[in-house]
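Here come two complexes built around chain A, the first alongside chain B, the second alongside chain C.
So, the complex of A and B:
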């Protein structure tokens, strides 16, 4: 068995163990409520719990990898004369210095991070409106027209004006029936795709396990 | 439905999916039974974008967004990595490696692994870039567009409405874009602002549409079977519901109607 075969086998074994542990563990009723079924269910749940806790620890540690990656990439870019990367590295160094010299002081976060993110959120509003206006240019067909019509009806329906009560009824119906049905269909498609891709990964067929 | 029943159905569903995956593999290996996959407009553009990237010596930007392994979105993240693998392979004739960006640090190893497998010219580590999540990610990607001047943006991952900033930035720079999100808000933004869009499960079959390799196509076949069964089940239940309300429509008539619909569907499928 080559390296790829071992990887696939480990992936399959761990995947199957976790799946069975999550599906069968912690539910004694599955074993007919016989004496000892609670202990059996707890034992079945144990591997899944342990593996999921390991995942949480790995995810928490990965933030260190993220910061190291950020520094590595932007140091290389500064060497190529990229101005924004220099600003990023200077901000990083200043934030570390600030935290060390003013321990517990969150004023830098409140004075810089929060206003910048708020400004971006405001810009986002304009991007969305501009994008909505551009839909008919990108999609000059019946579906683009339908998209714009629904957006206009829903926006008008959300206005607190008594004259727009019929539009509000239309808007409520649109949100409750076609929009809800469409959203569920998209989510159902994603869920099916997730199961199929998950099964493929569990069977060790994913590229990551193929060496 | 009690918890035990749900668990039993879940096990049966997963086992049936495993069976379907192996069945699809079996048929895919037989040349005469190989199944052609429906072409998707956005994915057909990828060939042109990779050619443009090679000729203009500008990188492609491949974005995972907030997709992450280790949670319930792991399969989606793996499907995105597979799509990016196929795209990078196509761009392999060029001199400049694609840029992979992500906002989940756990995706850095997967991103580097994807680049290492498909791009055989080194320079992998500096082309995989992590930025902090949400608006900070969108701001950083938008700012780096001016520096990197990507030939095109393929944004397939977990995005919310912050995707609007990136797509707007790409449009202002004149960069073409393809977007898909596994979140509904991001999907709506992608539909409105991206030049090309994939919807829902199309993300999971995208790698099969980009490459001739069979695995993505197997997934597409299995998805089609499940989708067909769900539509059939929903139709039958709807007809049965009607049959209990209308005196003329009995459940036998509803079942006969469903059988006719299945037969018609099968005939149309064979003709296509």
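So, the complex of A and C:
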């Protein structure tokens, strides 16, 4: 077995163990409630429990490694005279200094993080309106028309004007029936895709971990 | 931090981000880009703090406390799990060394498949079965209300046809060319109408959310200016 085969075997064995443990563990009803079924269910849940704890700590460590890599890259860029990397490193260092000297104080979050986040989100408004207008110019077919019509109905339906009560009723019906059906189908599609992608990763068909 | 300082910093950072609207003017674009890099640096720092305080520190405290145990195996097993996780973390650092990268890949394989298993179980028990059940089931007393029954039927048809829209199976005709059935094409068109309607509604909801945030930011700028 080659080195790539070792990773694939590890993936299959660990994936199967975790899946069985999560599906069968902590569920005594699956074993007909017979004597000892609770102990059996608890034992079956154990491998999944251990692996989940292990992976949570590894993920936490990988986040730390990722941030260390980000800093390393930007230190290199500062050495080449990049101004914005210096801004990033300075804001990182200041935030850590603030956290160490003012534990439990969230005012830096309120003063800097939240305003930038909300200002960036509000800029998205212009992009979305511009994108909506471009739909009609680039794609003037039945589907483009339907898309823009729904956008306009939902936007008008959200206005608190008595004159627009029929539009509001139409918008509410749209949200309750066709949108609900489409959203259910999209969610079901995501769930089916997740199952297929998960099984493919476990079977070693999708070896994204090879990097 | 004093309230006035918080407001002043918020005001300046909001203006820096809004300078994007003025376009790609050299001196003005420095403000927007600086705000974005400040945001990236702070986000990295906050992520580090949250990861340390919310994950690593509690686990470190737990393994020092003999009265706690994560599993039924007892306290000593916790130390082994934590030790193994640290070892895995160290193996992740071997990625740049080509000859040893298979060790890193094995650790990544464990992380990915455990995540995939959790996702599969979550998708099955949290989305797939409950959503199918909710779509197919009829609420009690619905047969007396014709319009509610029609709406329910429409939701069912919409869900099924929208799922069918992603079905790409074709058959070869006598000339060997790929051909879909007319019925299937009809279902696909109905499904597409439901999906386009949903995407339009999601798009409109996102516009409304962004508009609400924009209104809040602009009112903050005016309040601070006053």
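Keep this in mind: the second predicted complex is superposed on the first by the 187 of 211 C-alpha atoms of A that agree within 3 Å, B and C clash if a C-alpha of one lies under 4 Å from a C-alpha of the other, contacts with A are read in each partner's own complex, and residues count from 1 in each chain.
Just so we're on the same page, a contact is a pair of C-beta atoms (placed from the backbone, for glycine too) under 8 Å apart; a residue touches a chain by one contact, two chains touch by 3 or more.
All values derive from a computational prediction rather than experimental measurement.
In the superposition on chain A, A:7 makes contact with chain C only, not with chain B.
Applying the stated contact rule after C-alpha superposition, one finds that A:183 touches each of chain B and chain C. Looking at the shared chain after the overlay, A:73 reaches chain B, while chain C stays out of its contact range. When the shared chain is aligned, chain C comes close enough to touch A:90, but chain B does not.
Looking at the superposed arrangement, the partner reaching more residues of chain A, out of chain B and chain C, is C. By the touch criterion stated above, A:154 is placed in contact with chain C alone, chain B being left untouched.
Look at A:130: by the touch rule set out above, it reaches chain B but stays clear of chain C.
By the touch criterion stated above, A:65 is placed in contact with chain B and with chain C alike.
By the document's definition of touching, of the two partners only chain B reaches A:138; chain C does not. Taken together, the two complexes place residues 19, 23, 55-56, 58-59, 62-65, 67, 70, 84, 116-117, 120-121, 123-124, 128, 132, 147, 183, 185-190, 192, 194-195, 197-199, 201, 207-208 of chain A in contact with chain B and also with chain C.
Those residues of chain C whose C-beta lies close enough to touch chain A in the complex are 1, 5-6, 9-10, 13-14, 17-18, 20-21, 33-49, 51-52, 55-56, 59, 70-73, 77, 81-82, 84-86, 88-89, 92-93, 95, 101-102, 104-124, 127-128, 131-132, 134-135, 151, 154-160, 162-163, 165-166, 191-201, 203-211, 213-214, 216-217.
For chain A in complex with chain C, the touching residues are 3-4, 6-8, 10-12, 14-15, 18-19, 22-23, 42, 46, 48-65, 67, 70-71, 84-85, 87-92, 95-96, 99, 105, 107-126, 128-129, 132, 143, 146-155, 158, 173-192, 194-195, 197-199, 201-202, 207-211. Considering their complex, residues 19, 23-24, 27, 29-30, 55-56, 58-59, 62-67, 69-70, 72-73, 76-77, 82, 84, 116-117, 120-121, 123-124, 127-128, 130-132, 134-135, 138, 147, 183, 185-190, 192-201, 203, 205-208 of chain A touch chain B. Residues of chain B that touch chain A in their complex: 2-4, 7-8, 10-11, 13-14, 17-18, 21, 68, 70, 72-76, 78-79, 81-82, 85, 104-106, 108-110, 113, 117, 125-126, 128-131, 135-136, 138-139, 143-144, 147, 161-162, 164-165, 167-168, 171, 182, 184, 187, 189, 191-193, 195, 199-205, 215, 219, 222-223, 226-227, 230.
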